[in-house]
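Notes follow the structure.
Lettered A, B, C, D, E and F in written order, each chain numbered from 1.
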Amino acid sequence: MIDMDRVKTGIEGLDEMLEGGLPKSQAVAVMGSFGTGKTTFGLQFVQEGLRAGEKGIFISLEEDQESILNNARSYGWELAPYIEQKKLAIVKLEPTDAKTTITRIKSELPDFIKTFGASRIVLDSVSLLNLLFESDHDKRSNLFNLIQMIKRTGATCLMTAEVRDDNPNASRDGLVEYAVDGVIALRYEELKDKAEIQLTIRVMKMRRIQHSRRVKPYAITSKGIEVHAAAEAF
Amino acid sequence: MIDMDRVKTGIEGLDEMLEGGLPKSQAVAVMGSFGTGKTTFGLQFVQEGLRAGEKGIFISLEEDQESILNNARSYGWELAPYIEQKKLAIVKLEPTDAKTTITRIKSELPDFIKTFGASRIVLDSVSLLNLLFESDHDKRSNLFNLIQMIKRTGATCLMTAEVRDDNPNASRDGLVEYAVDGVIALRYEELKDKAEIQLTIRVMKMRRIQHSRRVKPYAITSKGIEVHAAAEAF
Amino acid sequence: MIDMDRVKTGIEGLDEMLEGGLPKSQAVAVMGSFGTGKTTFGLQFVQEGLRAGEKGIFISLEEDQESILNNARSYGWELAPYIEQKKLAIVKLEPTDAKTTITRIKSELPDFIKTFGASRIVLDSVSLLNLLFESDHDKRSNLFNLIQMIKRTGATCLMTAEVRDDNPNASRDGLVEYAVDGVIALRYEELKDKAEIQLTIRVMKMRRIQHSRRVKPYAITSKGIEVHAAAEAF
Amino acid sequence: MIDMDRVKTGIEGLDEMLEGGLPKSQAVAVMGSFGTGKTTFGLQFVQEGLRAGEKGIFISLEEDQESILNNARSYGWELAPYIEQKKLAIVKLEPTDAKTTITRIKSELPDFIKTFGASRIVLDSVSLLNLLFESDHDKRSNLFNLIQMIKRTGATCLMTAEVRDDNPNASRDGLVEYAVDGVIALRYEELKDKAEIQLTIRVMKMRRIQHSRRVKPYAITSKGIEVHAAAEAF
Amino acid sequence: MIDMDRVKTGIEGLDEMLEGGLPKSQAVAVMGSFGTGKTTFGLQFVQEGLRAGEKGIFISLEEDQESILNNARSYGWELAPYIEQKKLAIVKLEPTDAKTTITRIKSELPDFIKTFGASRIVLDSVSLLNLLFESDHDKRSNLFNLIQMIKRTGATCLMTAEVRDDNPNASRDGLVEYAVDGVIALRYEELKDKAEIQLTIRVMKMRRIQHSRRVKPYAITSKGIEVHAAAEAF
Amino acid sequence: MIDMDRVKTGIEGLDEMLEGGLPKSQAVAVMGSFGTGKTTFGLQFVQEGLRAGEKGIFISLEEDQESILNNARSYGWELAPYIEQKKLAIVKLEPTDAKTTITRIKSELPDFIKTFGASRIVLDSVSLLNLLFESDHDKRSNLFNLIQMIKRTGATCLMTAEVRDDNPNASRDGLVEYAVDGVIALRYEELKDKAEIQLTIRVMKMRRIQHSRRVKPYAITSKGIEVHAAAEAF
């Protein structure tokens, strides 16, 4: 394969599984059920960029800016200064006001993203975003356009996605996994007759680069997500 | 992680699993099927606060005040005096009269909650609350607003949730587990070829704090819920 | 736990599992698929009361009075004299005539129940009752009101419920198990590679009292339901 | 249990499982997937009565009289003479002409059944009958009325029922098993890694009589259904 | 059982399982998922008849005449001469033009079938035929009438049917298996941890004749379907 | 079987399983979940043709020309020169603009395909194509016509298809596997308690030719898809 520029996720063990990081200017979904650390993954990805001098945008349909800052702070990531320095923008979209939010997504947001010059954009979560649209067709259409628009700015886009409660390999809408260039699955494994839950990570899809197909255990620690690349999941 | 203020649940073994208790001013769901002690959990949480001099509100869509007092009494918790002392308020919402109840939730309830000054609020159950609304969108919208409103008062909010009958890891509506900061699952385990049912507890999600990922057995005793933190579930 | 008055079910082994019997003035569902003896359970519960000098009402949506008397007779319970003595009333509701039956449930039935002075009321079955109503909301609303009304008379209420054909732990409507104070499950166990079906009983929920969480085998004999409390189910 | 009059099914091993035969003047469903011999069971039941001098009615929504006679003939049962002697009536209902057939079921059929004086009535199949009605309510209502009407004539009624393709323990509509007094299940068992299909029979429900709960193998031979009561199914 | 005339399928091992062949003038479904050789089965059945001097009709909703001839040719069966000799007719029905096709099925086809004088008729596939009709009622009604009409001509009718993707024992519509006299299932078996797919055949239903209940492996070879009657499937 | 002309896929191990390659002028579906390399398969198939001097058309509903060229480039396939030489055409269809795209599919596309003279045509993906149509009937109708039209040009047609998230043996719509001449399944195997995902390939259906029924492991390497024909999958 020809070399593709890589973007470090800030999760060391995962970057190893990806042989360097995510492919640059691509869209990647982080898929998992509640409690698997999807938001933490997104924050860590943005924080890694900020640490390295890059700009980032964190679009949230779940929490407001203060809550997000506190969330990051609980992992030791102090994001407030980056906001003041215009290195980081936190965009809050209202998941309960479809009409206004859709207007913002279609008009303001593209302009803002193009102008801000971020190299990393996180969307938390695409499942809440999809809820704003009624038909599968509208969901898919909006998703395609948004991904296309972001990729054209050269930014790498990471979107979190909730999974179906009866299938951890499928997103809630069954759309995003086919629309993105890569899918990373965070899974909550309840092993039979085992008294401990294990969190595991796997790279299910990653266009244009080589990647590991191994299943690795990870933990959510006081420093964020840590993938144990040297350990076996089972 | 930075230190977050903790709120003891009153269930010793669980507070151990949470390394101190629930994170303060957050919203947490207690999820389980019928017979797993969700209401008992809620009463125990309120009782723990009252015992420590805090104020509490218990919002019920299931039972009226007398029934709730009797229920608590069966565990040795005498709540009536707290009501007289204006330390505890029991709010009964009618699950079968959508129009009136929604009006109360949107107008009276916020004012009451803000004025009463409770540090613990229990909602029993969010599944019955959701039934008042017709569309998924309205359910989610109301839920987001209610949680937001309660959290702004500084109170810690605990809501019980029924689970899907074919999946103990998903709430009946599949919404609350994503809307809250934490999820505690009470499960009814029917082990193959075993002649006894085991009740187990696990912390599935808890934003901003570290927590155990172990599965622990618990029992509903004459003193309420007792988690056997030292025992193994299987 | 404080002592609650108990009501013997007439099924010795089950009363043992319940540490004395059902809690008085509560509503309990007996849940099971066809052929597990739900109606027999209801008859046995009424017969036990009559034998002890209590009054009972048996509300049936399945069989008419003659059929019910014959049914009881096949277990050696002669109920006809109790009807003559006004100790027992059998109320037949038409499951196929929604309009008339709903009117009877809302007007006549409450008056009758309040006047008759029964201490035991059986509803066979709540699944057929629910069929009279179209929306989930109406089903739940009617169920809540009926249970409330009966409990206020001081009577203990037992209702039989059909289960979902793909899940013996859930009633057909998924409502009654959450609306009642207790749930007793009768199950038809088809053990892999075993040439005999085993009937098993478990107490899944019983508010306000302590109860066994064991699974016990039972049989339908010429004397009614017999729970083998000393045996193991598997 | 008090003695109930019994009706021999003509299947020796099954009569043994039933401790004498089906309870007289009751309604029983024979439930099974295609190829398990439901129609054969019905023919055998009618033939057994004719052989003993009783009258029978065979109501078919599947095959016409000639086809039914041929079918019986293939087991060595010559039914034509009984028709001539007015001992047997074959009633063909059109499953594809709802309006006409419903009219016949509601008007002609009851009169005919009352007049003919049969002691055995077979309905093949209740699943096709149910297809004539649109709502669950109408299906259940018609079924209740038909069963009631037949039982009042003193005849024993046997109805065949198709099962759900994903659950051999539930009829296609999930109604008949709750409406009848007894259920006999014919099952097609595909044992893992076994190169032969086994047909098994079990009595799942039989009100008012004692019956075996064992699972027995059976075969469809040149003499009809033969239950191997002495053999074990697995 | 009395002797029924038999029709050889042309698949030797299967004729053995059927103790001679299919029962004459009956309707039989061959059910299986894509890739199990249903069309090949139909062609082989027609070819066997032609070889023995019988006439045949092959009704296809899938492929046109040229494609069908090529398909047969790939197994060494040269059907074109039979068409010229008016021994074989290939009827192409358009699966995508419901209105025209239904008209043809209701008017032309019956006349054609009655006049042509075929002793073997293949319908490939009944699943595509059913797609032309909207309601279950219309599908079942058309199917009953078509089968009835063909059987009256004395021809033996074989129809291929697609299966549900989650249940190889049920046809896509769940109708044909109950409407026909016999069902032969072709199955694609994916044995756990085995690196080879096995094709297996079983006779699930065959009215009026005795048949094997064994599961046999088969292969699709250069000579068509070959059932290994002497081998065990597992 | 008579010899059919074969078309090499460019995947050596697979051509071996197919005893030479795909049958010429047929339509074949490559079915798999996200991340199994369906698009890579399509590119490799086109590239193999170009390498051998054939013409190809790559119809994409997923990515635009630049993205597709980059995608191919990552495997070392430089397709741009072929476009300049009019040997390769990349047709982008908008999956989000149903009306325009359907018009293009029905008018322009057939003309273009007939004129261009390609011997290999890839459609990526038929699942996105199907989304443009609302009813199952329209999807099936369009699919049949498109396949028919392409096959008449003599080209071999390969279409990628997404699978149902709960069944890797069925396409999302359950249509394409029955409409095409062949199906190749790419599967993502998550072996129990194994810490590595295995990709496997199997030929599920291939009309008119003999093929292996073995399950083979494959990998997506820097040179495209490599099937390990000599290895065992499990």
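Please note the rule applied: a residue touches a chain if its C-beta (ideal position, glycine included) is under 8 Å from a C-beta of that chain, and two chains touch if they have at least 3 such contacts.
None of the values given here were measured: they were computed from a predicted structure.
> What chains, if any, are shared contacts of chain D and chain E?
Of all the chains present, none is in contact with both chain D and chain E.
> To test your reading of the model: what rotation angle superimposes chain A on chain F by C-alpha positions, in degrees to the nearest 5?
60
> For chain A, which other chain has the most distant CA centre?
D
> Distance between chain A and chain E based on Cα centroids, please, to the nearest Å.
For chain A versus chain E, the centre distance works out to 52 Å.
> Nearest whole angstrom, what separates the Cα centre of chain C from the Cα centre of chain F?
About 60 Å, centre to centre.
> Need the CA-centroid distance for the pair chain C / chain D, whole Å please.
Computed value for the inter-centroid distance: 30 Å.
> Got the chain C residues that touch at least 2 other chains?
In chain C, 166 touch at least two other chains.
> In graph terms, with chains as vertices and touches as edges, which category applies: line, ring, star, complete, or other?
ring
> For chain B, which residues are in contact with chain A within the complex?
Residue positions touching the partner: 1-2, 4, 136-137, 140-141, 144-145, 164, 166-167, 169-170, 174, 177-178, 183, 202, 204-210, 213-216, 232-234.
> In the complex of these two chains, what residues of chain C are touching chain D?
33-35, 39, 62, 70-71, 73-76, 95-96, 98, 127, 131, 162, 165-166, 188, 193-199, 220-222
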